[in-house]
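Presented sequentially are two complexes of chain A, the first with chain B as partner and the second with chain C.
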Partner chain A sequence: MTTVMADLAVRTEGLDKRYGRTWALHDCTLTLPSGRVAALVGPNGAGKTTLLRLLVGLLAPTRGSVEVFGQSPTTNTATVLSRIGYLAQEHPLYRRFSVADLLRFGRACNLRFDSGLARRRLDSLGIPLDRKAGALSSGQQAQVALALALAKRPELLVLDEPLASLDPLARREFLQTLMGAVADDGVTVVFSSHVIGELERVCDHLVVLNHGRIALSGDIETLLADHRLLVGPRTTNNLDHTPSVIEATHAERHTTMLVRDGGAPPAPGWQPYPVSLEELILGYLRHPAAHDTGHAAEHSEAAA
Partner chain B sequence: MIWLTWRQHRGEALTAFAVLAVLSAILLAVGLPMHASFNHDIVQCIDGSAVDREVCSTNLAVFEKSSGFATAILTLLNVLPFLIGALIGAPLLARELETGTWQLAWTQAVPRMRWLVVKVVALVTLTVVLTGAFAALITWFRQPLDALYGRNELDGFDVEGLVPAGYGLFAFALGAAAGGVLRRSIPAFTASLLAFVAVRATVASMLRPHYQPPLTLVENIDAGSHGIEIGTGNRADWTLDEGFADATGQRLTRTDINSFDDMARNAGVNLTTYMHNHDIQRWVDYHPASRFWDFQYIEAGIFVGLAAILLALVIWRVKRRAL
Partner chain C sequence: MFVFRLDPNSGVPPYLQLVQQVRQAILLGFLQPGDRLPLIREVVESLAINPNTVAKAYRQLEHETLVAGRPGQGTFVTHTPTATVSPATYTSLRRGLQSWLHRAYAAGLDEQAINGLFSTVHHEAKVEDVA
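The block that comes next holds the complex of A and B.
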């Protein structure tokens, strides 16, 4: 059992974060095995940044607990901080520092910092060390910020909307660097994004956050196998309160349901179709009441 | 961390050094001739050992005329401890918050409390060194003026001794606290200026005269003298208030005093004789010049205390992650 615990990169329990009187996160319980590349998706204001900042110790929870490799990032000790790499939204850098200064900053502020690795990465991207960070393009700044985070040799790398400010070419290069690091070091990655199309190629784990609550979380392959679209004759039953039905859309003649039925045989008259990752995410986001209830097989009664 | 602190704040540090260097050059250029002209003749006037009072007062008038502008400059320099302190303090948190780099700084392996404490200690030291150097410079410059006018009045007390370092520290802490709340360097600087002026003016006008109970000098008025003296006879004493009192010690109003003129004329005697005959006494509430250092300790203590409270608030805010 202890080995299973050690294999968890992230574990949160009943995590709440309140700013004044508004809840940014509510009752988030989440586990992420190590070695995963997890995508955190959700609309703007869903609490993605708050959750990520809690993971890296920038924020302290109002209630509940966070653990990264069994240690609380909230304690802010050098040990736990050195295991986590963080790339904040818009990849902030000291703009008046040269790239070499930034590497020196990394060396000065970390227990272990692989300058050689960072230098090689930046060299291969053609980013000059004597250039001021503020004079670099947005894509280059993102690469420098990523090189800094990776040079810490973190076991968990957390990235907040790393692709948002990048053009398509820079996006591709960024993801290449990131995936290279994952392949080389086996680092666990959590990143938030609302670019759903790019996730499928790089992620194997999904967390959907909506209105400060976790709507869905799990291994992507398992989730896709658990969910199906069922298309059948239009039904007037109120399907929204049936646990296995995540979302039902009604056309003139027929009804399409996103269900989580674990692949059980559908009721007569209903045709099953596999669901795409995008349809799955959108289904959960459109249905705010939907939550991760596990398996349920009552869909046939509901459909009948 | 020391390297990082220097790298991030060297702009402000070098600006402050440059301002001090320019100021030193100006004060040396003005001050050396002033020190030279403050010669033996004038010193004799002050300590009362002068032989020829006529020559003495001429010399003094010449000196006062040529150095009068110096006091005006010094009043302006009152703002310098604030500038140094707030220039260094305001960006401490505000710049990290406005550019988002706090997220970079606090996710390295340096725990944020260590980050903050190292920076605060280094920058407080820098502020104290710079404002201390400023005070030393002014204290040298004002030597002749201090001998002449004393240094308990606003233009001397506020720029000499220990208090400039206290003001600088307070401005630093104000800048840091305002930066943490407002998250922008320039608004933090502006807010600090307003708060600084309000606190400084309140302390100087309402508190400082009461650091110790003032002494009171009571003197009879010489009959037949041409004028009535003012002050305590020592120009370096800090006179708070002065006036006249009747034989019972009751202090007299302006109207009472004005009426003496008419009554003296009616009685056909000299005003001073009239006052002497009626046992009118002259009083002066003052702080003796010797209290300068006591007052400096007290005022510097107040501002260092205020700075300590503000810095504790800053540390508490960062610690509980309220940013």
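The block that comes next holds the complex of A and C.
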């Protein structure tokens, strides 16, 4: 039991976050084993940034709990935060600081900070240390911000939309640095993203967030093996109440279903096809209530 | 040094793409016994890929005894295929299969029927070879 707990980088239980009268997150329970690279996906307003900010202790839960390496990031701040690296959206830097100033600043603010490591990373990317941060391209700014976050030698790295503002080449270079850090130090990574196409090559864990709820979460390979597309004659049965059916689309004479059947043999006449990661994510985003028992009404403020 | 590629649109899981590329390269003689596969770190760097994926591909190849890891040195090709195929023969076999598949689909067979037919005929052919 203790080993299992120690192997978890992140664990949330019944996590709620409310801003005034709006629920940003509702009843989020998830676990992330350490050493994983997890993608957090969902539409705008799904609660991705809120969840990430809860993980790094920038927000406190309204209800429920968050643990990072077995400790709460809002009560054991000094010990937990030294193990977490965080990169906010748009990778903000002090624009008038030179890169070298930023490194000095980072070393002064952190218990653990490997300036040499950051310097070597930036050297290999040809980013000049005397340049003002504001004068760098957005790809270079992202690399500087990542180098600063990695200089903490974090065990958990949390990145909010790190790829959003980058062109394809800068995106590739950013992921190369990030995956290199995973290979070198075994850092656990959680990042939110809109770019679904790139995920399969870098991530081994998936969390799909929709309307403040977790629609799907787990090891990507296991999830892909558990789900399939079934194509067969058009069926008029009400499939919405069949728990294994995530999504059904009907054409004139045939029906296509996304099912979570764990690979069981399909009914006669139904042709199984493997599902891609993109189709899987989109299926859950289009039908957010399909997975649970569907108590969306409890979002209301009736209890308050 | 062997170079891996990754096709994000192929529908084949990334680790399996790496495994298939090594299998094919051994069959074609592009990789020979004693050749070193790139280090996991090198593959990660060039493809921007999750290191766990590369490690999984290498474990699978070791399990198939096509390669063996030597501690501190890397992963080396150990397998000598009983017969290598020339790239020209390989391409022509591939083309032949593609045109056969086009004919089968045109005749109205679906994937299940094609797989069924293939395994039946393959089984018969093996039985004939043994006899």
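Quick note on the criterion: the second predicted complex is superposed on the first by the 290 of 304 C-alpha atoms of A that agree within 3 Å, B and C clash if a C-alpha of one lies under 4 Å from a C-alpha of the other, contacts with A are read in each partner's own complex, and residues count from 1 in each chain.
We take it that a residue touches a chain if its C-beta (ideal position, glycine included) is under 8 Å from a C-beta of that chain, and two chains touch if they have at least 3 such contacts.
These numbers were taken from a predicted model, which means no experiment stands behind them.
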Q. For the overlay on chain A, clash or fit between chain B and chain C?
A. fit
Q: Mind working out whether A:172 is in touch with chain B, chain C, both or neither, as first, second, both or neither?
A: second
Q: Have a look at where A:184 lands relative to chain B and chain C in the superposition and call it first, second, both or neither.
A: second
Q: Using the touch definition from the top, say if A:118 reaches chain B (first), chain C (second), both or neither.
A: neither
**Q.** Partner chain in contact with A:104 - chain B first, chain C second, else both or neither
**A.** first
Q: Would you mind checking which one, chain B or chain C, touches more residues on chain A?
A: B
Q. Is A:78 in contact with chain B, with chain C, with both, or with neither (first, second, both, neither)?
A. first
Q) Which holds for A:147: it touches chain B only (first), chain C only (second), both, or neither? A) neither
Q: Could you grab the smallest C-alpha gap between chain B and chain C in the overlay, to the nearest Å?
A: 25
Q | Overlapping contact positions on chain A, where the chain C interface meets the chain B interface | A | none
Q. Contact residues on chain A for chain B in the complex?
A. 53, 56-60, 76-78, 81-82, 84-86, 88-90, 92-97, 101, 104-106, 108-111, 145, 148, 152
Q | chain A residues touching chain C - in the complex, by the definition given at the top | A | 35-37, 172, 175-176, 179-180, 182-184, 197-198, 200-204, 221, 224, 271, 274, 276
Q) Considering the complex alone, what residue numbers of chain B touch chain A? A) 1, 3-4, 7-8, 11, 99-113, 320-321
**Q.** Contact set on chain C toward chain A in their complex
**A.** 6, 8, 11, 13-14, 40-41, 44-45, 47-53, 110-112
